[in-house]
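Note that the chains are named A, B, C, D and E in the order they appear, and that numbering of residues resets to 1 at the start of each chain.
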Amino acid sequence: MEKLEVKSLNHHFGFTEILRDINFTLNKGQVLSVVGPSGGGKTTLLHLCAGLLDVEEGSATNTFASSSFAFQDARLLPWKNVIDNIALGLLAAGEKKSVAIEKSKKIALEFGLEESDFEKFPKDLSGGMRQRVSFARALVVKPSLLFLDEPFSALDIGLKKELQSILIDMISKKEISILFITHDLMEAIRLSDEILLLKADPGHIVKKFSYDLAQNKRDDEYVYAQSAKILQDREIITTFELELK
Amino acid sequence: QEKLEKIVIAGPFASVSHPLLHMIKTNALKDVAKEVEFRLWKNPDELRAIVIKGDVDFVAVPTNTAAILNNKGVDIRLLNVSVWGILGMISRDNTLKTLKDFKGKKIAVPFRADMPDIVFVQLLKKQGLDPKKDFELVYVSNPIDAMQMLIMRRIDHSLLAEPAISVALRKTDSFPIKLIAPDLYRSVDLQEEWARVFNTDKDIPQAGMAVLGRMKDKKVISRFLEEYDNSLKWYMSHPQEAGKLVASEIDLLTKDGVADSIAHINLKSKSAADVQEKIEFFFNVLKEEDPKIIGGKLPQDSFYYKED
Amino acid sequence: MKFTLKILKDFPAYLWSGWGAIASILLFIALWDMGNQIYGNLVLPSPLETFTTLVAMLADENVIAEIKTTLYRASVGFGISLVVGTSFGLLAGFFATASMMSRPIVTILVGMPPIAWIVLAMIWFGMGDETVIFTVIVASFPIIFVGALQGTRTLDGDLKEMSDSFKLPWHMKFFDVYFPHIFSYVFPAWVSGLGMAWKIVVMAELLATSDGIGASLAVARSQLDTPTALALVVIMIGSLMFVEYIILEPIKREVELWRS
Amino acid sequence: MKFTLKILKDFPAYLWSGWGAIASILLFIALWDMGNQIYGNLVLPSPLETFTTLVAMLADENVIAEIKTTLYRASVGFGISLVVGTSFGLLAGFFATASMMSRPIVTILVGMPPIAWIVLAMIWFGMGDETVIFTVIVASFPIIFVGALQGTRTLDGDLKEMSDSFKLPWHMKFFDVYFPHIFSYVFPAWVSGLGMAWKIVVMAELLATSDGIGASLAVARSQLDTPTALALVVIMIGSLMFVEYIILEPIKREVELWRS
Amino acid sequence: MEKLEVKSLNHHFGFTEILRDINFTLNKGQVLSVVGPSGGGKTTLLHLCAGLLDVEEGSATNTFASSSFAFQDARLLPWKNVIDNIALGLLAAGEKKSVAIEKSKKIALEFGLEESDFEKFPKDLSGGMRQRVSFARALVVKPSLLFLDEPFSALDIGLKKELQSILIDMISKKEISILFITHDLMEAIRLSDEILLLKADPGHIVKKFSYDLAQNKRDDEYVYAQSAKILQDREIITTFELELK
């Protein structure tokens, strides 16, 4: 079965230890969130899992058939317009040009972009639009594993909800598995089967929270209740240094 | 006897090559070769390339250049010397009669460290003058620059070689803005200075024909020399036609310039072996100034081609 | 196709924007005329005389043949430099070892005066097109190489990572991700290399052949025929301007549209 | 100060990384030796003979004086090109009109063969340093200009906006915001321009003066003294390598530290 | 008195109308938030107010003694390390180098950066760290008017709280006025005296919400209650298209 298995993963940048002894498994159809303080090593962990950084110690074995990555910063090609940027992954996967453009236009509309934005170059987009293009580029290839690095941070509450429901829809159809980084605990609770809490200096997993209710069954009530609960957790409080305030 | 497929002769655009053009035009060597080709070399690089590639039979060269090549191990032998005097001074002042009169003047000298320069410097030294102190020598890269400087009045005197002198005189005289263009005069003839200073005749063995290793056939060589002599005679006696012929083949020269120059050049074809002594005397004068100008040492006797 | 159409469409606007350029060319000609009045015809013929000579020359098919010869040599030489210089520059940029190995060779090429090459080239290729072309390549190749190398060296690591994550095949990686960045470095290098090629072709012809604009220039010079010499220089500058403004610049505008 | 110390500190590591470079230089010398065996001494003296000649020449103070003369001319010419080319390039990049006006003039400079300049320069400056320096400037200025122009044209608008928002004074704007970007464009142009200057200084000397390496090269050439000619070429290449690897490259490494 | 006054401001990019008839006043010591959908023109509005874009129609008069801007994307100088980036504004204002470095180090520590990060170049920072550097650079010059364009979007909940309390502290001392863009309504409610709701296509202000309680008096209770209330607002619901879900 397709899965991503991370075993006793360590990582250094230069002489600084960034990650220590990370272990987890992401099975097909699951959503795994990573939460933790800024600079804790979440992005680094994702890059390691996606094979964008070389694993030095331990292992990260990815047996998913296909994967794609939505980066924390949008990383659009400045010389390509919105549609061409979205179509990039499709073309790389060997899709015919016209089909790729068609699919890209469709997903762009779904993501709240307008016809008039299609020809714009990234420099003429708003921050949130850039993020949506980047997200759409990753989703349009229908990967079986999706890496998401704070994909909603620049979006307004309406769009956030809409995109989340698109994801939830795919999750409930077991079409996709997601490794997800977020700073928003409610977001994590709404989407994940499991949440990993990554504490900093060096990044290590201090706790895992599991949620069994199917994502499309989770209503606002459930999310509020769970997040109130999680905010009482000692590990959460010390990791985010919440008590001081 | 069988005819050669092709004879290739290379030469510079100077006077020494001009008889060759006549030879080719009149097809003088048709009894020994089906075809005769002339190849122009414009600078030492081209000469080197031509000699090394070895697809040339005869070259027209300055005598000292032939000596350098010979000393560097190239199979080259001097056949004859045909140019015995092309150097002269050109000046805006027609009262200067000897090199001494130029003392303290600014003189343009093309061909630095080449044969004309060295002859000039030696002539000065032998008269007890110091080229560095008594004159202001301005080296320029080629005769054209010297002519430019003369015409633009940046300079009043220059060492030049024929036919550049004639070209320069023509050019300035015929120029439409004659009023501001300076009048130039043919001044000291270096050959005369040579005769006076070294107490000999006016002959300086400056350039001639040489044969390269590829050409082994003695009969062809002697035919070649014969015809060269004939063409040289024609060249000297038909300045106008010669000018036209040369200008049509070598577009760097003008026909009037060439025609004018013939009267001022000391031309006569002498077998190299016959004038070995004169050549060696000349080489010794050069060597005194800078041995490199003849390739370090006098060439061996085999350098002077002998007909048997 | 669409690309070409677009270039053609933008063309009038581009020409229109050229008034400033024309003004400064006129200024230059005015200065030249002043120079003529100061130094006289023999040194610097008047623009009028030069252009009259030029017109007469352009009617002469021998002259046209010389120009064609030179154009051919310059284009072939520059074309090869462009392709080889760009590709080697890219290779050197992508592989550190290639860079280490090739840079001193390039420095040697840069530091070696063309005169040092010409003898070898004449021996290898004779006194014709090939020698000139070879000299042109040797002279303009390093400029283009250095530009391409720098373009490759300054690639954005984030975009590289992104293209890795989508497993772009190499041709997409190159044309969609690397090229537009590298272009902004290699383009000015092309322009400089073109200028260099154009200058060297004439010099090499002057030294090593008996045809082409360079040889004509040598003839005009030795006959002190300055109007012809200047007319030849005008031809050179004119063709260079043509290539630069009518061919290269519109291409650049189109490729760099995303910047504006 | 701190800057200098850092450069010195990184220096050994930098030298160490030069093995590849040395290997390829050795390869080049091996090829050269092969060439010697094929073509003989007259065309291509052996490396050994050349270096022997070189050593003998370097002991001769006349030769050293010639080298110094050439070095002086090249440095002054290149220095002026560097300053003027960079500043005019920047101006042209910042002001669209300046660009419009100056580019055709630059194209004229690029397209005009040095021979055409040398005559004018000889009239203006006579046969000395100034003529050579002028020719060097005219030849290497455009390369640097084009590089600086491109660097300025590709500045990041977002960073410009940021620096506006903090009301950076012009010198901070220039050195802290613009320069590091422009540097990555202008640096390769400096390298190419240096190579050009180095080549042209020798050519101009060959044509227009009686001293310097170029003039010595002319003498060696007319005397068919190939070992001396090649030794002079080796001196040229050696000095260029020295400047490039011992001066320019470490500076570049330091300035571009943030990339790696 | 120092104030920022925007009167019937319109803006176009090319032929697209982005902002229409914007009017508001920001008085000294006030905090004004702008919320609205992604791509609605919020960033454009801020740029116009800060004089980074030319006002074409209407007016935006800024009489504040000094101002600084924290951009939506960090816009750090890639060739300067963390401290030099933060010190940029101080040096521009004529501060002595050593003092500027001192102040920058102090604020960097306050913002949760560590000594070991000081020498890092932006490319070696995490997304949240970059955002903090950019924010610190704007705050360290102690401007009387601060433009903030989603300054907390990449920060974890702990940091967010900490930085907000720094701001609240300054606000209650009347040291600073802020024009603030955010997608997080709770954040807006916690910090603002007034919230402008900007509806898109073209961007125009449809409603203003005012909050009179002093910022340092607002506890979580208050913020939750107010945000629950605001989420019921019809204009909010239609602007963010919330009802569809």
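Here is the rule we go by: a contact is a pair of C-beta atoms (placed from the backbone, for glycine too) under 8 Å apart; a residue touches a chain by one contact, two chains touch by 3 or more.
What you see is a predicted model; the values in this text were computed from it and never measured.
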Starting at chain C, what is the smallest number of hops through touching chains needed to reach chain E? 2
Mind naming the chain pair that shares the most C-beta pairs in contact? C-D
Between chain D and chain B, distance of the C-alpha-averaged centres to the nearest whole Å: 39
How many angstrom between the C-alpha centroids of chain C and chain A? 49
Roughly how far is chain A from chain D, going centre to centre by Cα mean, in whole Å? 51
Junction residues of chain E, two or more chains touched: 73, 123
Chain C, residues touching no fewer than two other chains: 39, 43, 115, 119, 123, 221
Multi-chain contact sites of chain B, meaning residues that touch two or more partners: 43, 45, 48-49, 52, 148, 152
Pairs of chains, among all present, that meet the touch criterion: A-C, A-E, B-C, B-D, C-D, D-E
Note: in the complex, chain D contacts chain C through residues 17-25, 28, 35, 39, 43-44, 97, 100-105, 107-108, 110-116, 119-120, 123, 139, 142-143, 146-147, 149-150, 153-154, 184-185, 187-189, 191-192, 195-196, 198-199, 202-203, 206, 217, 221, 229-230, 233, 236-237, 239-241, 244-245, 259
Going by the contact rule set out above, which residues of chain C touch chain A in the complex? 158-159, 161-162, 164-169, 172, 176-177, 180, 258
Sort out for me which residues of chain A touch chain E in the complex. 13, 16, 35-40, 42-43, 72-73, 112, 116-117, 124-129, 132, 149-150, 153-162, 165, 183, 185, 239-242, 244-245
Which residues, counting only chain E, touch chain D once they are in their complex? 47, 50, 52, 68-69, 71, 73, 75, 77-80, 88-89, 91-93, 121, 123, 137, 141, 147
Can you list the chain B residues touching chain D in their complex? 43-45, 47-49, 51-52, 65, 68-69, 72-74, 111-114, 137-141, 145, 148-149, 152, 154, 290, 292-293, 295
